[in-house]
Each structure stands twice: as structure tokens, then as C-alpha cells.
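Structures follow.
In the two assemblies presented below, subunit A is common to both, partnered first by subunit B and then by subunit C.
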Partner chain A sequence: MNSLPADIGGPGLYAVEFGDIVNYFTPYTAVLFVFALVFTALAIASRPERQVDIIFGGDGYYTKDIEPAKLGFQRFMAIACGLATLGAVVSGDVFNFTLFTSMVGITNIGIVAAYTNRHVLNAAFQYGIVAMIATVPLFGGAAIILATTGTLSMWELFGPAIAVPLIAKAFLILGVMGEGMAPFYVAKAEITRAPGAPYVLMIHVSSLLLFLRVTEIVLSM
Partner chain B sequence: MKPEGQGSLISRISRELSNYDYLAAVYALLVIVVTIVGVLTLPFLSYEDGQIYGKHIDRQSPLDPYDRGGTPFNATIVHAQYPENSPTLGYVTAYLTPLSQFFADTTQHLGTTIVAHPGGIIDEILYNTRGLDTVVESSILFVAFAIAAYLFRRGAV
Partner chain C sequence: MIDILLFGIFAGLLLHGIHRKVIARVQGRPGPPVWQEILHTLKFSFKETWIPVTASQALFVAVVLVALGIWTAALFVLLLEGSLLLLFGMYMLHKIVEHGLGLSSGSPYGKFGAIRSVISAASEIPLFATIGAVYLVTGSLMISDILAWQQVHGPLAIAMPPAALAMYLVILSKVHYSPFAIIEAKEIVSGNRTEHFGVWRAGLDVAFALKTFVLLFAFVLIFVGALPFAAVLAVMLVLLLSLSFVCALCPMLSPYDTVTVQSLATGLIAVYIVAFGVIG
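Showing the complex of A and B:
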């Protein structure tokens, strides 16, 4: 078996082989994996939050009716998003990573698309367009990497022998930005007004973990 | 405190960015800038000749563009990044079911329907060495259909 290069991710701990696609754990990706696992378990186990609106300037408040049965689809999408995040943070293959990333983007849209709040849907619409545009730089980056280096395996790309062009890295980061929406907190602030906290929070967790992972990939290449 | 929209340059940019209606436009601008840089640096990129997933296009073959050569039940040479992970690589890539063989003998377009008939072309790069990619692609399609079905059944808001 190939030995892992000593890299910013730390020494390799464990590898899961799927043919040419080798998922591997380093201390760095293992931490990300555990985070994603914990939040996926939370999405599976927890009941949705109950929101309380306080009337400004008085003692009155009203609680919103949240029926867990109506949030079944959000829970399904949150679990799918967690599983996609799990796959993305331990992936050892650039194209496999981009596929998991675009799956995270689609499940994020699924989480927010199921709400009926107009503000949330307006923000989700803009986010959906960004996620769709983002597939072009995302897969374009992977395609440029394959064309200029001849391989997609991260173990090969992380080695000193192969130089990955800067533009491919830029495309990759841009694609993850759009899919995970890491820097676009404007739409996220609107989206989190939706009820059902553990499911909506999966959007934040997945984009944060994806961005940490792509940072490691780009710095290592 | 200056009135709305008349602060410093940074506060004006910040105020524009806080409107999520501009989100797609801002992102598209980023993509355009990086793409222009990419087009300008394109002459400095060189195509790597030693491709791990090399492709030979043979327009005369009915299996085009998935013709990997070889005969069934013999080991066909299929390059892999980690051959030790795929010990049986190359044994089924040339196999066609009788129905697929019939299509391959009678038409020139079997390669365009890689999975659209029983058997199909069992491309080992798609289904063996890079099989996890195919699984994830199907999962993405499944999630997208699930969202569409949910929204369709929910009806108008």
C-alpha cells in the first residue's frame, strides 16, 4: 500500500479502498468526519425546535406550531446532507470530492425548499441559482486537474512531483464556495429564519466542513 | 451618522452585498473574473500525455466511445491508479450480453446507450476502478428527483 506523504493533514491513519478511489483518514479529516457524524446523528435523533416570537415592547409572545411529521422531508434531506459531508471530508479523489460537494449543494437546497416561508424561499431561490452556477467551476477545476496532471488521486497530487496549476485550485475553491455557500452569509441569515433548527443547521455544518476540507486539499496540492 | 447609502466606500459595498437579490450576480462576477484569468493563463497549461484514464477514439467501432478493446474472458489491459485494489480488472470489460452483441453487430450506435439495455457495456473504469463515482452520481440524481417529487406533490404554496 502506498505510504501517505507527511502533510498538513498529518500522518495517514486508515484507508478505505474503492478501486482507484481511496478514502483515507488523517487526524485532520478524522476530526472533520467525527463532527459531521455527530451532527448527522443529531439530525436523526433530535426533534425540531419550537420557535417563540416575542412581541417587542410588551410581555406577550406567541409560539409557532411545529409538527414533527411535517418536517420529515427536511430530516431526510438533512441526513442525506450529513452523509454527503461524511463522504466529502474523507474523500481521497478530486472528482469524488467534487461529486460529494455538489450532492451537499443539492441537499442544502432540498432542506430549505421544503419550507413555505416567503423570505426563506426567496433566499433559497438565489442560493439555488448560485449552487447551479457553481457546478461549472467545480467540475471545471477537477477537469483541468485531470488534463494537466493525468491523475485525480490526491495521494499522487499531494506529492512534490506533480504541480497543479493555480487556476484549477481557484476554480475548485470557487466551486465549493458556491455549493457550500461558505462566504455568502447573507442568504444563510435569511435561510436560518426557517423553523426546524437541527435540520437547517446542517447547511452551516456541511459548508463549514467542506470549506475546511477544500482548504486542506488546495494547500496540499 | 450619515444617511443610508452615503457612507464610506466600504460601507456602501457592504450594504449592497447584504441584499441577497444580488447574490447570484456577485457570484457570477467572481466566476467571470476567475474564468478570464483562466483563459489568459490557458497557453501556459500543458496537456499531460500520461493520462491514467486515456481514451482511444475509434469511430468505426460500434462501441465508440467506450471501446476498450480486448476479447471476453481474457484479461484486457485497463490502466488503474492502484491496480492492487482491483485484482480482477480487465476480465469483464469486453463482455457483451447476447442482446448487446446483436445490437453491436447490427448498428453503429451501441456506445451511445451504455446502460440503456440489458447488459450494456460493462465499462470497468466506470463501474470498477471508479465505481464510487457512479454510486455518488446516482445518489445525486436520486436526491434531485426526491426534491422534485416532494415539491410536485406539495403543490402550490
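Showing the complex of A and C:
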């Protein structure tokens, strides 16, 4: 735990070993983990809302219901997104972090993919293109780190002995921003018009938590 | 600790009341009494409460509890002089609350508020410019270390005025009646809070009061330094008065102008940080 910088996310609390991959909790990552867990649990337990739409030109309105098959798929993708976010926020390895980040991008499209509204699907398509392009700097950043330092373990990278190139840090941030942060998030606003609030909310939860995590990683390196 | 929490809630509600009063006086109106927000919260606490039939019931209630949870936790992070990154992380998680409030009810007005909250995510980016600048100068993100640095070198607001300005912009984005408050604009009724009434509204008022108290308190600690508590409150009040003047005199921007202004501000701060880091 000593090689984790205590002056950024607080002192190390607990490490979870998977062979040579060692995930860890600090007060900071623990808060992110709990937050992701709460919203994953909400995606599992909640029923969706019924969106109310007003009929144009009159005072009538109607409500939208989600078909059970679509609901099941939407919920499954939201839970997968939650699990990928949980993995990303406690990951102790840069490559695992980038893998979980790209998985979040895929599941975000999946959450709204079952919903057959042209505007939402168009937005999901555009979001998918941005997210796919963003994986180039994301994995490129990880590759540069490995090539220049010889390791992807955060336990090593966070130590004072290793200097990570600025370009690798910039690529990592750019890659995560492409998964749904400003200013690459324009299509995401349209995606969230889809019904199924507990599941659609996971799109936003995952993007924000990934950005918070990459901030800690980049500052610590 | 409970006494500090209660003090934070009542001080935050009072600050909201003062904010409304100042805006009204600047605009030539009498305005409500300064304790109006405290009365509002008490009134909503005893109003009849239910959950709309179209709402996602668990989410509708959970977002109110999450709002209360994150701002209570943020207050204690501040009081215990913990990690600034953790504090600002909680601030960013408030965006989920804004989003969840709007989406959970099924109301079209709430939905518009929620979508605008996604668009206005640019308001969080100046925050990370602030964090980067503070870390660059002080070498730590623990509030205790930042306070110690300021005791030796003087206030950070003088050492890095653009970083202080970035955080001022962040706070301005979150106060009621702000030029950037597009998620609760009147053309969408009350935006993402339209369907939360009764006890749910009281809970949100309490959480938002804590948010205002925490953000102003954090600004004073991070950019002015450790002061006697009465002086901290006085500086917080001055800061709020300046925000009220801005809110009273500036019309609300359109959603896309909001994003443009906030993105430009972030870009300028980012250039400043890079120049400071490379040249400095």
C-alpha cells in the first residue's frame, strides 16, 4: 500500500489480488465504487418510468411503456455497464482500466439499442463512432506507457522512480473523454431521451465515474 | 458532528434566502424575507406527499437520498480536511442527481431538465482545471496540505487568480437564478425538479442548501486559507453577494451559449495551466 500516493485520493485501504494484477481501494476509489454499486443495484431493482408525451396542438397526452423483451435487454446492458464501471474504478492496472472503459462505451450503446426510435438510434450511432475513435488514443496511451516504462501496473507507475510521458497521460484523458465527456458528448444528450430512466442513467454514471478515475490515475503518475 | 451538519443546513438555507433578497433588491423589487427558504423547507416537510404514477418509484426516491448523502459526505470531507479530489468528485456526482431527478418522474418537463443537465456537463470541466492548478502549485490535493501551503505562501487566490476564477464560475453555474441555470429555467416549469414535491422537495432543498454551504466554504478554504470561523462565514457571505449581483444583472443564457461560455473558460484556464507548468 505504501507506493500509492496518499496526497491525492487518500491512503490505501485494501488491495484485492488477481495474480499479478492488484486492484486497490483508497477513500477516493471506495466512494466511486460504492456510488457505481448503488446505481447498479437501482438498475437491477427499479421498474422504468412511463414517459409522458403531450400531443402537439391539443391538451391530450399519452404514456409510453417499454415492451418486456426490450426492458430485459436494456436492464442487462445497464447491469453490464455497471459491472464494467465497478471494474474500472478499482483497477490497479492501466490496461485493465482501458479495457473496462471501452466496455463501458459498448454497453452505453447497448442500453438504448433496443429502443426503436430513429432519433435515439441515430444519436447512439454517432456516439458509437466517437467512442470507437476514442479507443485509439485510449489504448495508444496505454501502449506508450508500456513502451516507455516497461509496466502497466499502477503500483509501479505511481512511484517516484518512473516518469510517464505527458503525451501518454493526455491520450488517456482524451480516450476517456471520448466515451462521453464534454466536449465529445453531444450525441449523448440525445441518447438520454430514450425511456428507461434507471438504465439510461447508467450511461451518465459510468462516464462521470470513469472521468473521475482517470483524473486520479493521471495525477498520480 | 450532527450540530455542524444542522448548522450547515440552516446556514445554507439562509444563504439561499439572502441570495433571493439581494437579487430582488438589485432588480428594484422588495423580495421575500431572508428566512423564506427555511420556511419553504419546513412547509414542504409537512405537505401531502406521494410518488407520481408514471414515475420509476425506486429511482424517484433514491435520487433524493443520494443528494442528501453526497452533500453530507462532502461537508465531512471538508471538515476533516480530506482529499480535494474526493470533494470535487462528489460535486460531479451531483450531476447524476440532477439527471436522475428529471428522468425518474416521466414528466416531459423533468425530461427536458435532465437532457439540459447532460448538455451543461461542460460546467464541471473548469473544476478539473482548478484541481490541476492547485496540485501543480501545492503538490498535494489534501485540504490539510493546501491550508499548510497557504500559511507559508499566502492565499492561493493571489498565487493563481485564474484557478480561483474557474472555481467561482463553477459555483456560479450551480446557484439558483444563475445565467447558467438552464436545467431549472421557467420555460420548462421547474425543470428536473418539477415533479418532486412535499417531503421530496424538502429533502432536495436541504441537500441543495448543504451544497451551497459546502461550495462557498470550500472556496474560502482552498483559495483564502484557514481563518477563524466567523471570518470564514463573512467571506462566504461576501462571495454570495457577488454571485447574487451577477445573477441579478445577467439574463439566463441559452443552453448552447452556456456550453460555449463554460468551454471557453475551461480552454483559457487549461492554456494558463500548461503555460504555468511549462514556463513556471
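Simple rule for what comes next: the second predicted complex is superposed on the first by the 201 of 221 C-alpha atoms of A that agree within 3 Å, B and C clash if a C-alpha of one lies under 4 Å from a C-alpha of the other, contacts with A are read in each partner's own complex, and residues count from 1 in each chain.
Heads up, the rule we're going with is that contacts are C-beta pairs under 8 Å (C-beta built on N, C-alpha and C of every residue); 3 or more make two chains touch, one makes a residue touch a chain.
Because the structure is predicted, anything quoted here is derived from the model rather than measured.
When the two complexes are overlaid on their common chain A, residue A:I79 makes contact with neither subunit B nor subunit C. In the superposition on chain A, A:E156 makes contact with subunit B only, while subunit C stays out of contact range. With both complexes superposed, B is the one of subunit B and subunit C in contact with more subunit A residues. Legend: residue contacts after superposition of the two complexes on their common chain; A:I66 is shown touching neither subunit B nor subunit C. In the superposed model, A:P198 lies in contact with subunit C only, and not with subunit B.
Of the two partner chains, subunit C is the only one that A:V31 touches; subunit B does not reach it. In the superposition on chain A, A:A143 makes contact with neither subunit B nor subunit C. Overlaid on A, the two complexes show subunit B and subunit C touching the same residues of subunit A, namely 190.
Subunit A meets subunit B in the complex at residues 1-2, 17-22, 73, 76-77, 80, 84, 87, 93, 95-96, 99-100, 102-103, 106-107, 109-110, 113-114, 116, 121-123, 126-127, 129-130, 133-134, 136-137, 144, 146-153, 156, 165-167, 170-171, 174, 177-178, 184, 186-187, 190. By the touch criterion given at the top, residues 54-60, 62, 66, 73, 82-83, 85-86, 89-90, 92-93, 95-96, 99-100, 103-108, 111, 114-115, 118-119, 121-122, 124-125, 128, 131-132, 135, 139-142, 145, 259, 263 of subunit C touch subunit A in their complex. If you check the complex, the residues on subunit B that touch subunit A are 17-21, 23-24, 27-28, 30-31, 34-35, 37-38, 41, 44-53, 80-82, 84-86, 128-133, 136-137, 139-140, 143-144, 146-147, 150-151, 154, 157.
Listed in rising order, the residues of subunit A touching subunit C in the complex are 6-10, 27-28, 31-32, 35, 38-39, 42, 45-54, 63, 181-183, 185, 188-190, 192-193, 197-198, 200-201, 204-205, 208, 211-212, 215-216, 219.
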